C-alpha cells in the first residue's frame, strides 16, 4: 500500500461518514442507523489492521515512520512564514494505537447495540460514538500538535455529550459540565504549550519539534520569570495530559463521568480518550526530557495511582470502582513516562485499554441484567449483587480474566506491562545509579498501588460474582445469560486479548532478539523513545495525490537490544526488573489473598478496618475533599474575589478613565450626561448584588456580560498589537 | 487623487464607522447594521487591491462571497434577534445576559 | 457589447466632427461632455415617453376596463377622453399635500422617491432598439432586476412612514410580496440567460429573430413554461391584479399609499405603471424577440432603428394590454394563496425550468426544438 | 471612447439623476401650487373615521420574516447562478458542459433541499389555520 | 471626468450615510442610511470596474438585507420601544454615550495611523492604470466560479442551506410563545 494521505485518510473518513449519515438521516434508517456506525468502524478496523500488518509484521525498525503533510493554511507574508500543515504521521506506535482504538471501538459498538437497545436516543448514541471514533483516530494519525488539539477538543465535545447522554437526570448534566470544564483547564494549558512551541519551532509538527529539540533550539529560551521554555512547554503539555487523563489534581471529573452509558464509559473514559493524554505525553516525551520534567511526572503518576486506588477500596458502585481503577492505571502509565519506561508505558496503555474496556463492558453486562422492578432502574450497587457467577458465566469468565490481568497475575497482559513499569520505576528510583533519595517514593507508591489494585479488583469480583445473592429479588429477576453475538462475543474476544502471550511472545519472529537480559518481546523491539537526532527532512505533498516517493519498501532492519546502554547498566536494569517482577507478583497475590480472606472466607472483617481507620474512611468517601476544595474554596472564595475585583476594575478604572480622558473629545455627541450617574450607581449595585452559583461561576468571573465591552477590549488589543508590530 | 489610497480610506472609514456603531448602539439590529458596514469596508479593499495591485479577478470573487456570507449572517442574526425579542420583549443588547449565569 | 446610445451615434461622421468642433471652441476634449449631453437627451426622451406611458396607462386602464365591462369610460377631456391623464396629473399637482401628524416626515417624503428611483434605474438598460437603447450594459438584465428591487423598499417605507395601520399592513404585505415574487422572476430570467449565454440585453435579443420561430419562448418546452412563470410572477411583482394585495381596497383601504395625497401619490402610481411597462418590455425582450424586426427590415440604419423601436413598443404594449385584461378577469388572491402560489408553485417550477434548460442546452448543444425537429427530419432522410 | 470603459455607466447615472431631478421638480411645483391648510383631523391617520389608537409600529407576524429569509437565500443563490449560467453556453461549446452542469445541479439541489425543508415544516404556508389540518 | 464624478459622489454618499447610521437615533432611519451607504459602495465598486460585484451589492444588500432588517425591526416591536432597557444602566439612550463614541474615534485614529504605516509601501508601489476590463467580468467570474473557486461555490450553497434551515428554525413561531 502506498502510504499517502489519501490512502490513510479512509480510516478517519469511514466513521466520519457514518457520523454524517447518522446525524442527518439516522432516524429514518432501519434500526436507527446503528449498522452504519458499526460498518464504518469495522471498515476502519480493517484498514487499521492493514497498516498494523505492514508496520509490525513487515517492518521491524523502531525508528521507521511515514510522514506526509500538505499545507492547510498559508498566511505567509514576505519573510514572515506562517504555514499550518495537516498530515499523517505513522510509526509503530501509531499503527498499534490505530489497531487498538479501532478494534476496541468496533467491539464496543457491537456491544452497544445490545446494551443501548430500547433507549429512546439509540441512534444518537451511535452518532456520537462515530464522531468520537473519528476524533480518536484522527488524533492518533495527526502529525502535528494543532491537529491533535483539534481532535482532542472534538473528543472532549463527544465526551461531554455522552456523559450528559441521559440529560433528563440533573446529575448527568452536572457531570458533563464538570468534565468539560475540568478538562478545559488542561486544554487551555495545552493550547499555551502549542503557542510556546510555535514561538521557537515555527511549526507544530512532531518531526519539526524533534529536530529542533535535537539541534538545541530550545536551549536558552526563557518563557516567563526565568522558567526555561522547554520546561514551560513540557509542563503545559503535561497539564493537558493531566486534564484529559484525569491525573492528580484534575482527576475529579472521571468518576462523575460514569453517569454516561456504560459502553461510552468503556470506550471514552477507560480505553481511548483518557489514554489520549498519555499518548500525547508519549509523543512529546523528548520535550518532557528536555524540560527536566520527568521526576515531576513520576510523582504525579505515582500519587494518582496510589490515591485513586485507595479511594477505589471503599466504593460500592461497580462503575465507580472501575472509574477509580482507571485513574489509578492511568497513573501507572504516567509513572511509566516519568521513570523513562517509554515502551512499557505505551504497552500498559494498550493492555489497559483492552482489559479495562472488557471490564467496563462486563460491568455493563451485569448492570444491564440487574433490573430493579421497584425503581425501574438498573442496579449498580455491589452490596445488592453477589452470586451472579451462575447467572452469567460468560461475563464472569471475561471479567475474571480482566481482573487477573489488571491485578498483575503472571501470564496475563497486565502483569507484562505493569511489571515492567514497576521494574523500571524501581531501577529509576531506588536501585539505579542515578537514583536520588527523592526519587524513592514513586516506586514505593507504585507497588503499594499494585497491592491495592489486586485487592479492590478482587473485592469487586467477589462481591459481584461470588457468595450468596444479597438481594434475592433482584437475583431472581435476573435472566440466565445466553451466548449472544452482540453481548458476549465482544467480551470474550477482549478477554482473550488479556492473555499475556499476545504481548510478550514472539509473534513476529522478531522476538528472538534479546531484550535487556534474556526475555523475548516483540513489543519492546518495535516501540522506542523517539530518537530526536535521526529525523530526516520531509517533503510536502499535494493533498490526495499519489505519493511522489513511490511505494514504501518495508525492510527488516536490525534492532539494537541494548537500547544504547552499557553492559553494566543493562545488568542493573535486568536486576531491577527481576526484583520488580518478583515484588509485583508478591503484592498481587497478597492483595488477592486478603480480598479472599475478607470476602470469601469472611475471616477478616472489612468493618473492623473501616472502624479502625474511620477518619481515613471519611476522607476516602469524600474523595480526599477535592470537590469541596474546588467548589467551596477555589470557586466560591477565590474566583468570587477575582470577580469582584474585575467588576471593580470594570466600573472604576475603565469607566472613569474613559470619562475623564474622552470627555472633551465629543461633547456634542454626548446627549446622555444626566443618565450617567444612573449608569455607574446602578451598575455597581447590580454587580455587587450578583451572587455566584456553583460551577459555571468560573465562566462568569471574567465576564461583565456586556458584549460590547468585550468587543471594545478586543479592538483595543488588536489596535495596540498592530501598533506594536508596525512601529 | 483617486488611487488605491482613496479607496482604502473609504473602506477604512466604513470599517471604523461600523465598529463604532457596533460599540455605540444598543439595539441588536443596529449592531448587525454595524457588522454590515464593517464587511463592506473590508470588501472595498479587496476590489481596490484587485484593481490596483494584483490585476486579476480573484479580488472580485471575495466581495461576492463576503456579500453572501453577510446575507447569511444577517438572516441568522436577525432570526436570533426576533427570537430574543419573543422571549425578552426587547432587543436591547445589555438585556442579552441569559448565558451569563 | 457594452455600448451606449452615444456609441451608436459616434459611428456617424458628423458626430465626430461636431465633437472636434466643440473641442476646438471649448479648448478641451469635450467628448465625454457631448456624450453626456446626447445620453441626457435620449434619456429625457425615454423618460418622458415612459411618463407618457405611465399616464396613458391610467387612461388605458379605465378605457379598457370600460370596454370589457361594456361601458364608455372617460370621454370628456380631449378626443375619446385621451387627455384625461393630463387632467388627473394637474389635479394631483394642485391637491394639498397632507402629511399625517404622527408620520415620520423624512421617510414619508423619501418613500415615493425610492419607488421612482428604482424604476428610473431600470430605464437605462431597457433594450428599446439595437442602437437607440440608452445602454447595453453587460450585466443589463441582472442590473434591471437588482435596481427594481429598490421599489420594494419604497413601498415598505411608504407604509411604515405613514404610521397608519392600513398603510403599515399594506407596506409589509407589499414588500414581502415583491421580494417573494422576485425569485420566480429571477429564476425564469436565468433560464433565458442560460440559452442566450449573456446578461447583456443586446446579446439576449440578438440571439432571437424577428419571426416567432426564433423567439426564446419557443426555444424549448422549459423556456415556454418560463415565460408563463415569468408573466405571473411579474404581475405580482408589479402589484397588479390579481396580486394587488398591498392595495386591496376591500381589506386595506388603499394599502401603503393610504396616507399619500397629491403628487406623492401620483409618483407612486406613476412608478407602478412604469414598472408594469418595464416588466412587459423585459418579457418582450427576453421571450418574444424584443426589438427584432421580421426579415431584419431596415438594417441598422436610422430607419431600421425606428422599426425596431416600433416592434419593441408594439410587443410591450400588447403585453401591457394583456396585463390590464387580466386585471378585470381574475379575482384577487388571498394573502395565504399568494405565498403558496409563489413558493409552492412558481419557484419550484422555475427551478425545474432552469435545470431543464441547462440539461437541454447540454443535451442538444443549444439547438431549439424547431431546429431539432427540422434537423432530425433531415438527418433521418440522410440516413445517419 | 472604448466600448468597455466606465462611460457605459453614464446612462444609468443620468437616469438616476433624472429620478432625483423629477422628484425635486414635482415636489417643488406642488409646493408652490398646492394649498396648505392642515388641521388636526386632516393630519390624523386614516382609519375609516375611527379615532386611531396607538402607533402602527407594532409587532407583526413572524412569517413575514421567514418569507424574507427564504427570499434572501434564493436571492443570493440567483446572484451566484447569474455568472455561472451566463458562461454555461460558452463552456458547453468548449466541451466542459457536463462538469459545469453537475456543479450547477449540485448547487441547486442543495438549495432545493432547503426549500423542501421549509416546505415540510410549514414555513411556506402563510397562515397555517387557513390550510386544511394535516393528517397525523 | 465622469469617473471622478462617480467616485466623489459615491464616496460622499457612502461616508455620509455611514455617519448617518452612527448618529441617527431611529433604527429604521439607520436602516435607510445603511441602504444609501451600501448603494454608495455599489457605486464605488462600479468605479473600480467591478460591475458584477456592484450589481450584486445592489441586489443582495439593497434589495435583500435591508428589507430583511426592516422586517426584523417591525417584528421586534418597531422603532418605538427600543430606546431604553428596563432598568438601571440600561436606561441610557440606545445611541451610546461619549465613552463609546470617544472610544470609537480613538481606536479609529490608532487604526488609521497603523494602517497608513502598513499600506504606505503598497500604495507607493501601485501603478495607477486606466479602468480596465469592464466588459468581461461576468464571464470571467463565471468561469472562475466553476473552475478555480468551485469548492467555495458549492460550499456557499451549503452555507446558505445551513443559514436557511437554522434561521427558519430559530424564527419559526412556536406555540408556547
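The letters A, B, C, D and E name the chains in turn, as written, and every chain counts its residues from 1.
The rule we apply is simple: contacts are C-beta pairs under 8 Å (C-beta built on N, C-alpha and C of every residue); 3 or more make two chains touch, one makes a residue touch a chain.
Keep in mind that this is a model prediction, so the values were computed, not measured.
Think of each touching pair as a link: the shortest run of links from chain A to chain C has 2 of them. Interface comparison, A-B versus B-E: the higher count of C-beta contacts falls to B-E. Look at where the CA atoms of chain C average out and do the same for chain D: the two points lie 15 Å apart.
Taking each chain's centre as the mean of its C-alpha atoms, chain C lies 28 Å from chain E.
Put simply, the C-alpha centre of chain B and that of chain D have 21 angstrom between them.
Multi-chain contact residues of chain A, defined as those touching 2 or more other chains: 708, 712, 715. In chain C, 1-2, 32, 36, 137-138, 142-143, 160, 168, 172, 176, 179, 182, 199 are the positions where the chain touches two or more neighbouring chains simultaneously.
Across the assembly, chain E contributes 2-3, 47, 49, 52, 56, 59-60, 63-65, 67-68, 71-72, 74-77, 89, 92-93, 95, 97, 100-101, 103, 105, 107, 111, 115, 134-138, 141, 145, 156, 160, 163-164, 167-168, 171 as residues in contact with two or more other chains.
Under the touch rule stated earlier, the contacting chain pairs are A-B, A-E, B-D, B-E, C-D, C-E, D-E. By the touch criterion stated above, chain C contacts chain D in their complex at residues 1-7, 10, 31-32, 35-36, 39-40, 42-44, 47, 92-103, 109, 112-113, 116-117, 119-121, 123-125, 134-138, 142-143, 160, 162-168, 172, 176, 179-180, 182-183, 186-187, 190, 193-199, 253, 258-259, 262-264, 266-267, 334-340, 343-344, 347-348, 351, 354-355, 358-359, 361-362, 365-366. On the side of chain E, the complex with chain C involves touching residues 1-2, 26, 28-29, 32, 35, 51-52, 55-56, 58-59, 62-64, 66-67, 70-71, 74, 134-138. Remark: chain E residues 23, 87-89, 91-93, 95, 97-103, 105-107, 110-111, 113-115, 117-118 touch chain A in the complex. Within the complex formed with chain E, the residues of chain A that make contact are 655, 658-659, 661-663, 665-667, 669-672, 675-676, 678-680, 682-683, 685-686, 708, 712, 715-716, 719-720, 722-723, 726-727. The residues of chain C lying in touch with chain E in their complex are 1-2, 32-33, 36, 104, 106-107, 110, 137-139, 142-143, 145-147, 149-150, 152-153, 156-157, 160, 168, 172, 175-176, 179, 182, 199.
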